[in-house]
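So that we are looking at the same thing, I have put the structure below in structure tokens.
Per-chain numbering from 1; labels A, B, C and D assigned in written order.
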Amino acid sequence: MIEAIRDALRGEMTADERVVLVGQDIGRFGGVFRATDGLHAEFGERRVFDMPLAEGAIIGSALGLAISGLRPVAEIQFLGFTHQAFHQIVSQVARMRYRSQGRFPASVVIRAPFGGGVKTPELHADAIESQYAHVPGLKVVAPSSPREAKGMLLTAMRDPDPVLFCEPLRGYRLMKEDVPSESYTLDIDKVRIVREGTDVTLIAWSAAVDLASRAADALLSEGVRAHVVDLRSIAPLDVDGLIAAAERTGRCVVIHEAPLTAGFGAEVAATISCEAFYALQAPVERVTGPDAPFPLAGAEQIYLPDVSQVVAAARRTLAAS
Amino acid sequence: MSVSLTPQFPSLAQRITPLQLLRPDGTLVGGAEAPLDDVRLQDALRLMMLSRAVDDKGVSLQRQGRFGTFSTVKGQEASVVGSAVALDPSRDWVVPQYRELPALLRQGLPLEHFILYYQGHPAGGRIPEGVRLLPIQISIAAQLPHAVGLAWGLALQGSDAVVLAYFGDGASSEGDFHEACNLAGVVRAPVIFFLQNNGWAISTPRSRQSSARTLAERAPGYGFDGVVVDGNDLFAVYAATSQAVERARAGRGPTLIESQTYRFGAHNTADDPTRYGHGDTLSGWIERDPVTRVQRYLAARGQWSDEIEVQVRHGIAATIDGALAAARSVPPPAAADLFTHTYAELTPRQVRQLRQLSTTPAAAEGR
Amino acid sequence: MIEAIRDALRGEMTADERVVLVGQDIGRFGGVFRATDGLHAEFGERRVFDMPLAEGAIIGSALGLAISGLRPVAEIQFLGFTHQAFHQIVSQVARMRYRSQGRFPASVVIRAPFGGGVKTPELHADAIESQYAHVPGLKVVAPSSPREAKGMLLTAMRDPDPVLFCEPLRGYRLMKEDVPSESYTLDIDKVRIVREGTDVTLIAWSAAVDLASRAADALLSEGVRAHVVDLRSIAPLDVDGLIAAAERTGRCVVIHEAPLTAGFGAEVAATISCEAFYALQAPVERVTGPDAPFPLAGAEQIYLPDVSQVVAAARRTLAAS
Amino acid sequence: MSVSLTPQFPSLAQRITPLQLLRPDGTLVGGAEAPLDDVRLQDALRLMMLSRAVDDKGVSLQRQGRFGTFSTVKGQEASVVGSAVALDPSRDWVVPQYRELPALLRQGLPLEHFILYYQGHPAGGRIPEGVRLLPIQISIAAQLPHAVGLAWGLALQGSDAVVLAYFGDGASSEGDFHEACNLAGVVRAPVIFFLQNNGWAISTPRSRQSSARTLAERAPGYGFDGVVVDGNDLFAVYAATSQAVERARAGRGPTLIESQTYRFGAHNTADDPTRYGHGDTLSGWIERDPVTRVQRYLAARGQWSDEIEVQVRHGIAATIDGALAAARSVPPPAAADLFTHTYAELTPRQVRQLRQLSTTPAAAEGR
């Protein structure tokens, strides 16, 4: 997936000279995950800029760069460290268009990886997308595969609004698929039906889509056909797409890595429960991380939701009547 | 301990006195030349007086419930105006905090926008196309990284524009101040950090805000120059800012200017400055009133008189009345104003919420 | 209500000399809302300390003070400005006990007012409790009346865990009631039944409890008896108490000021919808602020949920079958 | 512009050279006295060598997948050990970032805790009662306000303890650094800000991190002293830190020490330093190896020899083997480890989640 992201960056930098990249270690080093590998050599210092170690200044200055007429893409090394820039993202970037009543759109893309499974140090895996989903003015999207990542990033870079682009850390190397070499965009504001099914709807985003798909495989071996939905966009939420997918089966499982309480699964489950109330055959199940900090590497396999938990939840919804 | 170290980095603050060109009595400091001619100076004075008149009007409207909580400039007019007039509004930018009304006006913001804003109308945030100004910033110091990015971005695109960012002594304690200054030093952004040290952050005195002798001496820690100026001296502020503008325009990077001044009034209209000793030093500062200083200078040159003053005040009153009338003519906020400009387009949920709100009684009543 | 809060602070400072207060303008000035009025004079500089204007340092140093053996109560002038300290609250204060495996409990109370209705400037009214509800290790509570505020604050100050204590700004002066003069604690981890009812359950916290009560009055005039529940604690959530209250009527309305999407109402609605699924007679309704930034003062009456909206939602749940 | 201003606050960095007492060849700088006697120096040397041996062991275990990502101290041993031994572990505290292993050990952390931590075992975070040490900090610079609060709180309670906080050149750009230093100056907290300038923040060179000539010269901007020391000189680091400790203990407030050093290895075991020119200046620094410098000094005094070295290395190997064995004896993490110590007591939801997880296959398999 990291190649797909690099591909999107390179493509858009070639097509639009207003695009500039800012972040820690993104220059000569090419980023801690190599997302920007080669871009410094290709586009030079003025378009690929290594920033001092200060997330607030990365985001805050990216907003200023946008106001100056450029299209900054900021990389934060791990989503957990966006907390250092929380005030700049939430109260500044997300508000500038509204505060200036349309004069200063904040066309800033903020890229950051998140999620567990690759034994990172503390705070590196934190899945905190729901904290950002609550912020009017900000878009929050999370691709689930290389192909999706490229198209969604290109789309985000052309979006007039600020986009927090959450990349699945464990997908960087593990997820592989053929990705078209040309530029393309995707309907990132619409849910994607990953596979069609009639018995139970599995709803996920980011790396959890893969988990949902594997659970769907397991369920299929039991004769259960799962409808797998990738939200793509966490905010704004594609309510119609979500409701249609939920109503398709009347039985829903929402899956994410973040802790249960006030995770974005709550919004998904609340929306379905309220708006598809009469179509629901069973309570919406949430398969999530527990209400605990993401642990050190040795315990992450216990923490992370797995196929068996998703399958068990799906079975519970199927057993309900 | 056998080794005794002499301080490698003693504070240099004792060695310096704030830059002053115009004394409180309106005479020039020996050897100084006036950096502004009489015509430009009269314009600047008019702007200072307009600012003070808006302050007074705003406070009285606020007491009548016809204006929201706002912070007066009173006492700091030389600091704001002296710096703002060093810019070229047709290319340079102002990035304000919330206490810099005359700088906003000088950049071209219509006064009625400012009034609407403090009357709580969402449309008050609008900045007309071509006015090089960021919105009023409520979150202390959060504007500073924006100013750096803006300055840097303009330079990257080949412009010779300069960005002037305002903030207070309190703001200098926020992490955003530090991160912004450090980044500006690294990219040599054409930005001026204009620190209005008005002695207070609400009730917190400067002495409690930091143990640094001056705030300007932080500049070498970011690789650029710091300057302390008498913030009630329009000439000194103008001269220091002009030099910083020149430097920035020439690609020689940022400057930190500490403008030492004093707010004459309360922190804002919700504040009670008698509770924290604000008055103890006030009278000394009132003797150094930035407006009368310029009036004295001009009067000594035959360029200011009671007649001129009356005329100027008339003009100012008319300006304010006109702006108030313009603000009154704007329709009250409606439900749509909550959503428009949140995103480029309304989200599906917003569309639905707008529909619901447009039919509730509160919306029907207008504000 | 502000007197009740001051009373709690004074009482606990008298009873426990480890209690120290830190914040902006809390000393001689007594705080921008006078919560600490007189305490500087009474307890002196060493226990009531005016901090430099840096929220991160207020919270971060409060954690250090707690580790040193003191019991700091930090005031942040408005909840919106806790964003400047988000990394310190979320990744540090909330994690210190866990990170040190029990060695360093972070007994820090963070007080901050929030909510609209008093025409404050931008960012001052932002209701962002749900962003903190998602943080394992942090408790988030929100009193709804003077009496509640005093007892809950005393309880929070004795809690071994960090507590974000969200005070209803418009209650400071507007909410008045007799408050016992002695010290008392409350079960802040349990929901409070504000009034008993059988027809519809109204769930709220903070200033919205008053709104719920006023809506209950209006409903009563139509013969509808509302069961009004004050969550008190947002995190941890009293799931059992909530479910019992929901099952009481099978029809629920959740009310808060924050924007709808990913507000804490989502968690409440999801929890009820899932766990009281078979008892629900109607979809859970959410009456919330819209998905928009809290506006400037002139538009706040349009933004804020009002009695008519709550009543309408309650009627919708009653009409469902 | 008619007015030309001389800089009020020029950088003083050109005037100073980093404090050095022991030259790379192991001889004392003319006139300097050794601030540590041979016995204490041998202890310090042993700690430096232990640190380097753990680094090497950790890297090889990491390659075998038996250790997690971690950051070596190699090259910075004099900087960490020289500062740590200036403390009294029975009253003073260390607040680390993540690259200060020997300081943790010196404070009394059992080596097996460090090993468990980097093996990813939740129990690795445990700090035994009586060990005056905060946990390893992953969030850059976030520990600095904690250090200030801890130092301030201890002083408020009448203790004469001192707090030593470690951080890097990269960390000095974070807002937390600024806010912490400024607060420390205001409350005169007995804290030492020990900045290990090792030339890099991952791939970002010091020159790109800030345009300040030195980072120590930020200190006057907070109202206290800054010092630059040769960070590869154990004596200089020890002397400067001891003076800062004395000052803090006497109630004379904080000190910022910039220890100029270099990391010999990669940023961490996931890093590839060949990609960013880390090697270009490495050889010059290896000549200034902090460990051999002390060995040379001791050898010249007849206090170090190949035989002693072999003996010390044996002892170190035994220590490491013992710690690895102790770490192995700890049972693998279980589901309960996710929840314990999140709060003082499990929440109702946690109780339920723990019950569910305890019955899933992953938990049943142990890790």
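Please note the rule applied: contacts are C-beta pairs under 8 Å (C-beta built on N, C-alpha and C of every residue); 3 or more make two chains touch, one makes a residue touch a chain.
Just so you know, these numbers come straight off a predicted model, no measurement behind them.
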Chains touching both chain C and chain D, listed by label: A, B
Remotest chain, chain A as reference, centres from CA atoms: B
Cα-centroid distance, chain A relative to chain C, in whole angstrom: 30
Interchain centroid distance [CA atoms averaged], chain A/chain B, Å: 40
Centre distance in Å when chain B and chain D are each reduced to the mean of their C-alpha atoms: 42
Mean-CA-position distance for chain D and chain A (Å): 35
Multi-chain contact sites of chain A, meaning residues that touch two or more partners: 52, 54, 56-57, 80-81, 83-84, 87, 91, 98-99, 122-123, 136-137, 236-237, 261, 291-293
Shared-contact residues (touching 2 or more other chains) in chain B: 122, 125, 139, 173-176, 178-179, 182, 186, 208-210, 342, 347, 349-350
Overall pattern in which the protein chains touch one another (line/ring/star/complete/other): complete
Complex interface listing, chain D residues touching chain C: 122-123, 125-129, 134-135, 139, 142, 144-154, 156-157, 175-176, 178-180, 182-183, 186-187, 340-344, 347-350
For the chain A and chain C complex, residues of the former touching the latter: 80-81, 83-84, 86-87, 90-91, 94-95, 98-99, 122-123, 126, 128, 130-131, 133-134, 136-137, 235-237, 258-259, 261-267, 269-271, 273-275, 277, 280, 282-286, 291-293, 320
Chain B contact footprint on chain A (complex, rising order): 20, 46, 49, 51-52, 54, 56-57, 59-70, 72, 87-88, 91-92, 96-105, 136-137, 139, 160-161, 236-240
Interfacial residue positions of chain D with respect to chain A in the complex: 68-69, 98, 117, 119-122, 124-125, 138-141, 170-171, 173-176, 201-204, 208-210, 270, 275-277, 332-335, 337-339, 342, 347, 349-350, 353-354, 357, 360-363, 367
For the chain A and chain D complex, residues of the former touching the latter: 24-25, 27-30, 32, 50, 52-57, 80-81, 83-84, 119-124, 260-261, 290-293, 295-304, 306, 308-309
